[in-house]
Amino acid sequence: MVCIIATIIISLKSPAFFSALNGQVLLEAISINILIALSQMVIIGVGQMNLSVGAIGGFAAISFAGMMEVWGISAPVAAGLAIAIGVLAGSLNGIFIVWTGVSAFVVTLATLAIFKGLNLAITEAQPFYNIPAEVGAFGNTTFFGPLPWILIPALTIVVCVNFMFNRMPLGRKLLAVGANSHAAKLSGINVSHVIIVAHCISGFLAATAGIALVARLQLGQPTIGDDWLIMSFAAPVIGGAILAGGHVSTVATVFGVIIVALITQGLVLFKVDPYLVQVVLGALILAAVGFNRWKDIQTAKTKPGMHSG
Amino acid sequence: MFKYVTTAALSAVLATAAMADGSKVGLVPGGPHPFFADWEPGGLAAQKDFGLEAGDFKVPQKWELNLQNDLLLSMVVQGYDAFVVHPGDPVGSAPTLNEIVGTGSPVVIASACLKDPSDVAFCIATEARDSAYRGTKKLIESMGDGPKKIVHFAGWLVEPNTQLRIEGVERAVAEHDSVEIFQVIADIDAPEPAEEKISAYMAAYGSETDGIITTGWVPTVVAANALRKDGSKRIKMVGIDHDPVVVQAIKDGYVVGSMLQNPYGQSYIAAFAADRLRSGCSVKDDAPFTAHPLTARFIDSGAPYLHAGNVEDRAAVDEAMTKELLSTFEETYLDC
Amino acid sequence: MADLSFEVQAVSKYFPGVKALDSVSITLEPGKTHALLGENGAGKSTLIKIITGVYAPDEGALHVGRAPVRFASPRDAIMAGVAVVHQERNLIPRFSIAENIMLEHLSDQVLRPLNFAAINEAARPWIEKLGINADPSTPVMELSVAQMQMVEIAKALSLQSSVLLLDEPTAALTPHETVALFNVLRDVRDKGVCVLFVSHKLEEVQEICDSVTVLRDGQNACENLSMNGLTRQDLVRMMIGRTELIAGYRPRDIDRRENALELLDFSSSAGHHGINLAVASGEILGLYGLVGSGRSELAKAIIGLLPTDGGDIRRDGQRVTIASPAEAIHKERIGYVSEDRKHEGLILQHSVLDNAGITVWRRAVNRFGFLTQNSVRRLVEPYLKKLQVKTPSLRQTIGKLSGGNQQKVAFAKWMAANCDVLIIDEPTVGIDIKSKTDLHDLIRDLASSGTAIILITSDMPEMIQLADRIAVMTDFVVSGELGNDGDYSSMSKQIIDLIHIEETRLVGE
Amino acid sequence: MFATSEKYREFGREGATDWLKRIALSNEFGLFALIVVAVLVFSSLASGFLSNFNLYLLGRIIAVNTMIGFSMMVVLVTGGLNLAVGAIGVCVAMTCGWLIEDIGLPWYIAIALAIVVGAGLGAINGLLVVWSGLHSFIITLATMSIFFGGMIFLTRAESFREMPGVFTDFSRLKFFGSVSAMLIPTCIVAVLLGILYRLTRTGKEMLAAGAQPAAAEQSGLRVKKLFVLCHVLSGAVAGCAGLMLLARNGAAIPAMAGNLGQDWLLIAFLGPVLGGAVLLGGYVSVLGAFLGATLVSVLSNGLLLIQVGEFWVQACLGLMLLLAVVLDKVRRLFVEN
């Protein structure tokens, strides 16, 4: 709903919005941010937080670029290995959380430092430059006019994650654990396994986002991932995810990503004073969530309330 | 990694000049950044050439003023007695650096400047405003005559150099009636937002734009890639610094040129000066410092313009400058 | 559904410093409903946790069909055929009824997508059998409390286990629903399942159970006794070691000239309309109604938690408006003891003192503006003592106390608040006999000392024992008011009739 | 008939062993033990660690980090969070700088007014959270952007550097050669917060409202008002932290806490969470937050001194945090048995 209004406003003000190139740019930005947001959303689903999404994504990104540059491994293999690293990093998070019983917040904060530290230790803050042309091409070319190739993995993953949460036993177990882990345990669900798997999925998605960004930037930047944290939470929360867990919506998260992307692009298109960009961004986020909230209240009013007692 | 070999003759002269016990020099940038890749060889070369006890390059874990301050002070505890610093903030770094100078360790600022007043010896850097001004002039020159629109992609607004650069670009444009700044996009010194905003700009206004001036490392890289993708070479661009992506783009003709900062030379000479100051030299009262918006004690290391003509031997460009500066440095600026 | 027996043989369990179970045995036979009774602290919940695989016994063994079993986790217990209906709610609110019922079966298939149509079909028989009047795909969060309880039971039944353990299954159910549940339980029992029924409601135990095991102080007070010939008093004696004192209703002297609280043509946004109720100082007004009839909402509307929609609230004859519970308590001296102890009544992770003192903090501030432990303690300790709250210390986290003791602290909190009007909502749900009697005495004492009380309860005997007048609420309207003559059978019939008449009227419309 | 069994002898009187055990099981004790271990290890590995100068540096770092932690802690009480602490801190420092440099107010009045501004920004957060009913995460995410962006717009990102000497003098002041004066404001705030939560009605009400809003409301607490108050307090404390950094830097700088003030976030959470604050609200430990911040500060300072290689510092810090978490678990298991 908010998306449609935003689109209309932007396109009225700036006809350039509907150009093919612009659509491509928007889709590219959305593709990567969706992966980041889903990576966090999976963990929100089990009622935890993963502060290390950016660190895992960045680590996978430089591993991917580094393996291609230093060891000369072909791109698909390197991508596979980088994803494996992401999954491994995620599983470390999960195992530590389950084993120590310490809140995910603290554990992922610690692993954030570890993964980011490894990243710096390996790269010494220097980017990897020799990204094979085909990788760059994947990140920057299109098919059917404005559709970027990078949209394909993103879309596939959105469909898979959505399917997982709605139809697969694993997804339902994830949500059950997030809503009420005690009840899930009593229902015979192995809560520890589910939490570890959730973190593996999160690691997988973060790594995929990191690799996609390398393809997009054609650079193995060590700073990839530094700015993900807030975005990763903002999109699911704008999409209505409950931070306490048990309720996430893939589709709504995608809309959350789209809203943020539209706002960002709108700020460029409207040539907002660079000194005011942050203010406008904040105000627009507030307006978007405020509108959603207002709409919810309106619909709640028209429905008869539930009674108990 | 670029190899810089200072001539044997030069180092022999300097070795005799240096005092027997070399300084333990610490080179500390504001945070991890590819720009400082040349600081490490600069420090090591200085260690070797000038007989320093150390010429160690230490990087704060993140671009955070507090982390840099903590690192610097812990290095004092570890026994470093001379410092080459790229200040995390031209104002905020002053108290910590003054404190360090108070412990008897000289501090030389490199690749940036500290705002006066402060106790540091001097700064050796590129003048950001002037560099942006000259870069813009080069861009305007390359675009040719007729009404032109240019866009400016800049770094973090909270960094004072960004404001100086915006001013520099504005000043250059003001001198040409036919040229106007179409838009300034700032706060894009990280890859993700740079990619997102520059792509969005190019998609919306690329066709109306004639020139791009970039004054930040990441925006330069991202914009160079965007132009390569565009492929038409219609839009002219002048960037900043020497990222391989940019150098390659200049070679291939997608980018007109880039304003260099010579971090190797800056760190090398600064380490030399820090050592001399520690060994008892002082800055001359009448040293011929040049004007700078922040400080009265500014040594211009020069901002060579890298373009298609000289791109093949960038190392030589830097080295020539370094050598020239060093050869007269001691007698020009120091009292020993 | 194999006809297997389930035996607990001489099981002991130690906790640091305490022997919670001392060689306890119990044998469940297929085709029989077995009652497990005991006061709070008797070791009942520890035994339940051992049977369900939450704890492992330190000594003794469990046998299923004579074969020894060890449960390392609840999952093991489920695999061995032990299904449980827990006392606390264990449903996933946003999942559908069917999915909740079939949650255990999720684990069977890892890679195959779920077929919701099949799940709904598989769950439908259970939903119909238990009379849950809802579509299988309805999210559980949209159900009433009683329906949720039924879903829990359906979930356990769906496992087709050889042992079915029900821990206080009727706490949230109306008499009507209880009857439906019992019919299902008889059906299940007749199919050869061992049913273990844990409840404080002895009437129900007598009605449904074939045999009984009673625990007292961690030991067997009796083991596998047949219910035949056992009276209520026999059971109580085994549980508490003495006979129960049941106080019948005694009419009280009440000055009805002035009402402490009066509702005139009161309406609320929750849906109440045209409500006229009055309660005088020293009077207990019973408010009876089925779950969902709007009783708790009425209380919340009175204290300003839900917006009012018209009509008057009069306090000692004066017309008042109450915007928030803070005003209700501190200005009008009206308190509400919530039915939802865990979420609205108490702060479970805080200490006994902090919970009991929360209403008196305003008064406990000393002249320097500080609130010290001692000043709060002075104000609440007499009430905690009077109520005989059992706690190791006042710093004890209240969530660790038994339900009865928690409820006593909740009462102490409201007594300390010095309210003139108290609305008490379901005070004795899931509470043992001793605490229940204590609380009943307390409610009478409060009334005798001049407090006006509105008592909301679905427990008919409780209502008839305590209330001076009984108002019956049906679908957010007061459908009638009765004076209490203390005779259970005639009163309960009149009350049921009132509900029934109103229901037929509604259907007629 | 109160004393029914031996076990329930008397309210509130516990034996000495119970008391010791409770202390040994407490989070604060665990942190303290870890700090002692860390100090022992670092002082044996790096000679300079216990030098007067380093202790003085450490004190200064701890002072600021703890203050930042407090600013988050007071909102964690409500079960929410405040992502805008850094933005508010910078805004307060900039306000103070503006009041002194452009308006010409004396420094003490400027400080007071600036903290009021911090409280005001906190109030905006609180009111938005309470009115909208949205999670504080999303509200403060937006206000972080708005506050910081507004500050950048108004100041054009220019620093205020004509600060009176009292600021830098204060930040350099030390007692006994090794104790930084910066610890004074932190200790004052710590004591005040301790009194608030232990000895005042408002503090108790905040904890109750945060733990279980429904129960607190029905017990007559004005939950919304209390939540707004928590955010106001957070704004004021964040302002104090901002002013301490102002003193430390001798100037009010927009970049003081990084872009959008995000640099503060990790340390803001780390201290209170290590100190045992529950993210769901209703429980905090002032001492724990202080010790948590101290542990992190000691670890990062020590790692710099033992020269693990600057690019490895961050990885080591993460590893040591994990190690601390594991050691804490081992300690609990050990004490409980």
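We call the chains A, B, C and D, going by the order they appear; numbering starts again at 1 in every chain.
Following the convention adopted for this analysis, a contact is a pair of C-beta atoms (placed from the backbone, for glycine too) under 8 Å apart; a residue touches a chain by one contact, two chains touch by 3 or more.
In this text the structure is predicted, and so the values were computed from the model without any measurement.
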Set of chains whose contacts include both chain D and chain C: A
Task: Identify the chain pair joined by the greatest number of C-beta pairs in contact.
output: A-D
Query: Comparing centres built from CA atoms, which chain ends up most distant from chain A?
result: C
Message: Centroid from C-alpha atoms only, then distance chain B to chain C, rounded to Å. What do you get?
response: 73
- prompt: When the centre of a chain is set as the mean of its C-alpha atoms, what distance in Å lies between chain B and chain D?
  reply: 37
Statement: For the pair chain A and chain D, the C-alpha centroid-to-centroid distance in angstrom is 29
- prompt: Which residue numbers or ranges of chain D touch two or more of the other chains?
  reply: 152, 156-157, 311, 313-314
- prompt: What positions in chain A touch 2 or more of the other chains?
  reply: 117, 120, 124-125, 275, 277-278
Message: Quick check on chain C: which residues sit in contact with 2+ other chains?
response: none
Pairs of chains in contact (touch as defined earlier), listed by label: A-B, A-C, A-D, B-D, C-D
- prompt: chain A touches which residues of chain C in the complex?
  reply: 52, 73-75, 78-79, 84, 86, 89-95, 99, 103-104, 106-107, 109-114, 116, 142, 144-145, 155, 270-271, 291-292, 294-297, 339, 425-426, 456, 476
Field: In the complex with chain A, residue positions of chain D that touch it
entry: 83, 128, 132-135, 137-139, 141-150, 152-153, 156-157, 260, 262, 266, 269-270, 273-274, 279, 309, 311-319, 321-322, 325-326, 328-329
Message: List the residues on chain A that touch chain C in their complex, please.
response: 163, 167-170, 172-173, 175-176, 179-180, 182-190, 246-247, 305-309
Message: Which stretch or stretches of chain D touch chain C in the complex?
response: 1-2, 4-5, 7-8, 11-14, 195, 199-201, 204-205, 207-208, 211-212, 214-222, 278, 282-283, 336
Message: Per the contact definition, I'd like the list of chain A residues that touch chain D in the complex.
response: 96, 100-103, 105-107, 109-118, 120-121, 124-125, 230, 233-234, 237-238, 243, 273, 275-283, 285-286, 289-290, 293
